[in-house]
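You will see chain A twice below: alongside chain B first, and alongside chain C after that.
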Partner chain A sequence: MGDPIYIADSRDVRSVPLDGLTLIYHAPSGMTHIVAPPAPEILEALDAGPADPAELLRRLRARFEFEGEDAIHARLEELEASGLVRRG
Partner chain B sequence: MKEILNLQIGPVAFRIGSAWRAPIEALAKLYEGYPAPAGGIADFTVRLEPEKPWRRFVRPSVAIRGDYILPDAAPLPLSLGLLAAEMGMNLQMALGQKNWLLLHAASVEKDGRALILTGESGAGKSTLSALLGERGWRLMGDEFALLDLDSGMLLPFPRAVSLKNGAITVMEAEAGAARFGPRLVGTPKGDIRHLRPNDEAIARMGEGAMPALILFPRFGPAAAVRGVGQAETFMRLTQASTNYVALGEPGFNALTRLVRGVPALAIDYPDTATAVGLVEDFRQELAA
Partner chain C sequence: MSGTEEEANGKSGFVPSRRTVLVLGAAAASTVITVRPALAQTAGSVLNCEIPVPSPSAGGSYVAPDGRLVAPGTPGAAPPLARPLRGEEVKNLLRSGVTPAGVDPTASQAYANYIRRLQAGMSGFTCYASLQMPR
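And now, the complex of A and B:
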């Protein structure tokens, strides 16, 4: 079985950078999250459309220096737990 | 309801009803000079009622009721009826206010610049704001700061200042006896005495001001000042807000605009004179 596809509904989200961190208001849940890099970058990369971790890594590495594959899985799991991304 | 008082405090109109005369009389005296609500329609209703019907006469005990109630709000003895009325007004604001972002904070204004003082209970924000209110600043409120969601302006809510224990003595030296309510002894928070804000604070209760500085005061062994980052300020202000979550996205937008546009400082102070001095220094820096 391949990796899941992840989706971020950017229309549901308002984000505001605040000294190195990013505040994210998630409209469907009404929750506010304070996130550190690379979470905002991952959400931004998912703006271009749903992606599996490998594709996401390609998008991120086109713009940033990004650590290994383990990190992206861990960050996606955290974002999924917070409700900011979901599996397609 | 036998006894009724209508009261305008800043932009909010209250209707306070009581089964007893004494709390309403005390409240009317404390809020002498406050305008009656225009149009006569109250935003919030507070009712002081006997806990049980027969307890109006036998060991009277006041239950606070209103549009919004806390199911476990403990009844108070009738001697603390004034406190019950004040608590009732605070409760209605904290639970029911949807027009503004409500910050559990004191605020004062000078030269059109508003200072927000927030911190945990006992940090001294009531005392400090009351003191600044007698030293050339305009007291906007000691308990709640109302942040307008669209304009980002801070609106006054100058209810009577609730002074506790040592703060009572500090303020008795500053303001005339006629502005004080009775000393309420043996409340759940110790001794409490209410102070009516001065005439300027009452006359200008309809006049907002743009926030210029956020302060997190705290009693400490020595005077100290440190900058507080925007993310930390945001987090602390969401904790200080009673309706941030209920407001949803407009609350998020208003609060992010506030913390991005206004600097924040944490101050430690060993005594109120030091704190007033620090605030004056900040004012001069802001004006420069």
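And now, the complex of A and C:
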């Protein structure tokens, strides 16, 4: 309840998987980010459209087994701080 | 819930062949490291970088209200700026709509839109990209 909707503008980024990590170039800012799981998986799940944390967890649960759902908030906050994700 | 999983699968298009374990991690752990271009290391260098409008290679092109370059003299388009804009001026223009000194206020949005359309390889792009960075 009251959780923000998060948006990832995938058209603005280029991703390159690299030995377990992913390099993401964000064209509008000219910045490159090195991200570790679960960040690429979260961004991929947001490709399907804007989502709040609960919806995002539902999408991730369709593909993955995981525990500690509360950490999704911390992951989204750091993606937001990096500019890869924004609030709708 | 399996119903929700199927919906999510259909919506995003992936077809999982097996379930993978995903570690969401601890709240304090960081999974994103950002690499910044070297020129953004000091605020001073960013605010003093320059953006020519338009780039010298575009000659005397005018700037249409949407930021595209058009032929000189095109009605409704703004003429090239006599001097490049400094990073600080561009920042104030883009964020607050403040017209730089000596610039026609009615044309400032055209210049702002031109800057927003800058891409890698164009004169002034690295300056513009640096201004977009947080902090």
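By definition in this document, the second predicted complex is superposed on the first by the 87 of 88 C-alpha atoms of A that agree within 3 Å, B and C clash if a C-alpha of one lies under 4 Å from a C-alpha of the other, contacts with A are read in each partner's own complex, and residues count from 1 in each chain.
To be clear about the criterion, contacts are C-beta pairs under 8 Å (C-beta built on N, C-alpha and C of every residue); 3 or more make two chains touch, one makes a residue touch a chain.
Because the structure is predicted, anything quoted here is derived from the model rather than measured.
> Superpose on chain A as described above, then tell me if chain B and chain C fit or clash.
Aligned on chain A, chain B and chain C fit with no clash.
> Of the partners chain B and chain C, which touch A:Asp70 in the superposed model: first, second, both, neither?
second
> Please indicate which partner A:Ala27 is in contact with in the superposed arrangement: first for chain B, second for chain C, both, or neither.
Both partners, chain B and chain C.
> Can A:Ala45 be said to touch chain B (first), chain C (second), both, or neither?
In the superposition, A:Ala45 contacts chain C only.
> Among the partners chain B and chain C, which is in contact with a greater number of residues of chain A?
C
> Given the touch rule stated above, what does A:Pro37 touch, chain B (first), chain C (second), both, or neither?
So A:Pro37 only meets chain C here.
> Quick check on the superposed pair: does A:Arg87 touch chain B, chain C, both, or neither? Answer first, second, both or neither.
In the superposition, A:Arg87 touches no partner, neither chain B nor chain C.
> Can A:Arg14 be said to touch chain B (first), chain C (second), both, or neither?
Once the two structures are laid over each other on A, A:Arg14 reaches chain B alone.
> Minimum CA distance, chain B versus chain C, superposed model, integer angstrom?
Closest C-alpha pair between chain B and chain C: 5 Å.
> From the superposed pair, tell me which chain A residues show up as contacts to chain B and also as contacts to chain C.
Of chain A, residues 27, 30, 32, 34 contact chain B in one complex and chain C in the other.
> Of all residues in chain C, which touch chain A in the complex?
4-9, 11-14, 16, 19-37, 119-120, 125-126, 129-130, 132-134
> Which chain A residues qualify as touching chain C in the complex?
27-39, 41, 44-45, 47-49, 58-75, 78-79, 81-84
> What residues of chain B sit close enough to touch chain A in their complex?
Touching chain A from chain B are residues 229-231, 234-235, 238, 244-245, 248-249, 252-253, 256, 259-260.
> Show me the residue ranges of chain A that touch chain B in the complex, using the header's touch definition.
For this pair, the touching residues of chain A are 14, 16, 18-21, 23, 25, 27, 30, 32, 34.
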